[in-house]
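Presented below is the structure to which this report refers.
In order of appearance the chains are A, B, C and D, and numbering begins at 1 in each one.
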Amino acid sequence: MVEKIKETAILLMYCADRRGLVVHVTEFIDNNNGNVVSLDEHVDREANIFFMRIEWELDGFLIPKEKIGEYFDIQIAAKFSMTWNVYFSGDRPRMALFVSKMSHCLYDILSRYHSGEWEVDIPLIVSNHPTLEPVAKQFGIPFYHFPIGKDNKAEQEQAEQELLRKHKIDFVVLARYMQIISEDFIMAYPNKIINIHHSFLPAFPGAKPYHSAYERGVKIIGATSHYVTADLDAGPIIDQDVTRITHSDPVEKLVMKGRDVEKLVLSRAILMHLQRRTLVYNNRTIVFG
Amino acid sequence: MVEKIKETAILLMYCADRRGLVVHVTEFIDNNNGNVVSLDEHVDREANIFFMRIEWELDGFLIPKEKIGEYFDIQIAAKFSMTWNVYFSGDRPRMALFVSKMSHCLYDILSRYHSGEWEVDIPLIVSNHPTLEPVAKQFGIPFYHFPIGKDNKAEQEQAEQELLRKHKIDFVVLARYMQIISEDFIMAYPNKIINIHHSFLPAFPGAKPYHSAYERGVKIIGATSHYVTADLDAGPIIDQDVTRITHSDPVEKLVMKGRDVEKLVLSRAILMHLQRRTLVYNNRTIVFG
Amino acid sequence: MVEKIKETAILLMYCADRRGLVVHVTEFIDNNNGNVVSLDEHVDREANIFFMRIEWELDGFLIPKEKIGEYFDIQIAAKFSMTWNVYFSGDRPRMALFVSKMSHCLYDILSRYHSGEWEVDIPLIVSNHPTLEPVAKQFGIPFYHFPIGKDNKAEQEQAEQELLRKHKIDFVVLARYMQIISEDFIMAYPNKIINIHHSFLPAFPGAKPYHSAYERGVKIIGATSHYVTADLDAGPIIDQDVTRITHSDPVEKLVMKGRDVEKLVLSRAILMHLQRRTLVYNNRTIVFG
Amino acid sequence: MVEKIKETAILLMYCADRRGLVVHVTEFIDNNNGNVVSLDEHVDREANIFFMRIEWELDGFLIPKEKIGEYFDIQIAAKFSMTWNVYFSGDRPRMALFVSKMSHCLYDILSRYHSGEWEVDIPLIVSNHPTLEPVAKQFGIPFYHFPIGKDNKAEQEQAEQELLRKHKIDFVVLARYMQIISEDFIMAYPNKIINIHHSFLPAFPGAKPYHSAYERGVKIIGATSHYVTADLDAGPIIDQDVTRITHSDPVEKLVMKGRDVEKLVLSRAILMHLQRRTLVYNNRTIVFG
């Protein structure tokens, strides 16, 4: 629907704050004939860290695409001890979906995928249950069933990781995947596994948050998308949203209302990740608008 | 601004659920020529409890106002082992305000009071600090300063309770009163002390919730009004609301954005209480719209 | 996921307000051994009209299901000149979907349908474009293409209505159907055609509301679901919702953000309609919570 | 509460977009030893206009404060045909309040003023009614009553403008001032008169929007703050917000719920203006976060 814009390069970076950082980075792009299309910077004054996202058109840029990282590293990043990454809008990330039995997030993601709303490839869906295989089939996406029990978790995760590597997966989305992922797996995809938790974290972490919300008598429920870390439900938050409930809503109604919040929050988080708008520092996520 | 409506009676009740409760209550009012202006019922199916709020015009009602409770008790409530209360819209409740140093909730309450938005009397303001005495003076309300230290808490609370009794206070509002109230005091005003906590409970109870919210990197902050119980920040919730924040908001900005949420949530909770729309059961608040 | 509850009867009614209406209706149900599971009433004081929705369990009810309407009409409705309807939770309404080229609402509806979230049948999808036939196929629902031009509108609508009659369609949902329906068609389905308009009505009726919103520089956009009347985009509103935008969002971003609001608002409206919670009077929709 | 930060300079500018604008502006500041604390830029791709807000610490800046405008104009702005303004965080703007009979916005503003939440001076309150003089007195602010009838509007506005000039008023806030201001007056304060309209514009412009909202049966109401232009209720929007209503809310309830939205939206708009975060172009307001 949207006209294809020209290919762009996106630089995400952070380093200790000091005077003139914006000048150095923008000069690097300008001197090489890059036309900046968006620039966002943020300074965490408590930690004294400078964060920046800058996007410019590749068309006419003097440095060849595959050399941009090298030049930026040598001329700018090294000087300021920057942590950085460069991405190109033309590179479609490859996303793996992990699901269990509930379909609402899966459908929301696949319908966006199918209608071309996102620049992404979804080569495969992984599940610990066979329940959603028919949905995968509807959309023609290979479905891999890895049942996980007490005794086979390590080897099953091994096989899953093997599959992800084989398919050159860039990041993983847990679309209501109801199985804890082990630390080893998480370490292999740092800030590259996005989860949706069905509560307004840090309220109600762990299992059955809607039941806890009902018990506590809250008047608002929510959902939280975050990068997965070894610390359960405590990873850096990407997005959250809420919806109002009343005393007359039983738990089933919370579950139903919550589904709509979950699917939108997860899909918004995926979009931010796809557009390279997120940067994690100190367990907090900078999300550049 | 709103035309004065005729005086009404309001019955709040609950009991074990059974067939026909609505019929019995509405017949009681109808048979005595009462014109019902609003009726709300709720059944907690898990606990099997029936809750009801019914309001009718006193004009033309056969039972004299001061006898309504007695008649209802004997003819209806006793039969169904109801817990109930009757109120009259013409009786202005008497509210005591407890404050510390922050003025935003106090101003919000007093400006509504002064403009006649609420049917309430505010005979006095109590504080553990002298800071807000000038605000009390602006609105011509007596201000009582009870400094509380390690050694005098019990006697100061004794004096406060004495003052409340003397002024026939019906309920207490803690408008950012930064001092924990002892169990003894709370027991004297069951479900009659309304607090505003500056977080989206149960997230971030206790002190400095905005600092904790910043640390955790949440994308939404909130405020919670609740009846005070002996269990700190764990009483039955009356209302909550939230506002969106971003990674670029420092703690001071959270505090500033939070103030607007706090004052509205507290004032909405007070209105619900004033209009006899709240019923507490099992640490949850039924709020009849 | 939700335990199947017992079959219920639902009565929707309205009439001139007078004392005792609730008593008469609840007595009718109680005297016939009906167990009321929910009761909502509303009095429009300006128009002096009483509205009510009451739901009770059929199990043990003395009047046989197929006679309830007759008994209620003779014993209650006639006496008070009520307009009324009775529904049964066990009767699955039959819904027709009308779409054009955009898939987001269609996917949202079909994914709820497919996962069993709603009690509804969808026997067919109608479109003025072939674009979404593959989506219909994904879900195994017959797709009918009725191209509409200047010269064939009347006869195409005739054929559409024929199709709806043949399939015993109860109500129609326009899921971003971009073709004005003629008055004749609308009259055949009074308050039974639900539309989603992609603006916060009455702002920006008609075509290209996101472009108008951009031009006007609003800070919030929205969507509106309403029953279709002969007056374009002016029918009784069922639900609305909004989302925040900023000066930096181009029209394409408004369209994208708007899609998520549209699909949720439309699906919520459908649910309210399915649960028989809506009553239209004087171009306004009562939506019983 | 917030620690005083060092004095800063704020530059707001716009011009035709071209490559390198950010570099030139940031170099100007960096070369003169300025430490940038925040930078926001926006490109309107349709109109091809570049907008920027940049803020830096004056401490250590080589160019003396009173010469910054001159240097920037000669070295940068002239080259790119920029429209620009420079402000200093230490200069407290002087705001005049215009009110009529309703106090909620006035109280909200004065309580923020009184508690030191805003960096602003309020030398006077103007009204076409004497109603709110007591509120002005509570806060010790001079109150000027200018009754306006059919025959004296021009001369009264003349006197008001005289008063504003005498008190060196920088901008005017219409805090529910229910009198149309003439074009002549508006022209004297371009983008310097902020109004709050009690509807979600462009829905329900003009008088009695809550009545119109009730009639139309909307499910959400709102408020809109905007700069005043000669075109009634059509000026550039600064902020908007909404609140949910139901079929059971009579007009008086809409008015009551609306007041809370109005006061917050107006106060947020004032803050954005005070912090020099707004830029008007082509009847749209850029609001830099």
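Everything that follows uses one rule, which is that a residue touches a chain if its C-beta (ideal position, glycine included) is under 8 Å from a C-beta of that chain, and two chains touch if they have at least 3 such contacts.
Remember, predicted model here, so these are calculated numbers, not experimental data.
Although subunit A and subunit B share one sequence, what matters here is the overlap of their interface residues, and that overlap exceeds half of the numbers used. Taking the mean Cα position of each chain as its centre, C sits at the greatest distance from subunit D. Separating the centre of subunit B from that of subunit C, both taken as means of CA atoms, is a distance of 37 Å. With centres defined as mean CA coordinates, subunit B is found 42 Å away from subunit A. Of all residues in subunit B, those touching 2 or more other chains are 246, 248, 289, listed in ascending order. Listing the residues of subunit A that touch subunit D in their complex gives 19-20, 22-23, 26-27, 30, 33-39, 41, 43, 244, 289.
Residues 1-2, 103-104, 107-108, 111, 114-115, 117, 135, 138-139, 246, 248, 252, 255-256, 260, 264, 267, 289 of subunit A are the ones that touch subunit C when the two sit in their complex.
The touching residues of subunit D, counted against subunit C in their complex, run 42, 45-46, 200-204, 216-220, 222, 236-242, 246-248, 250, 283-287, 289.
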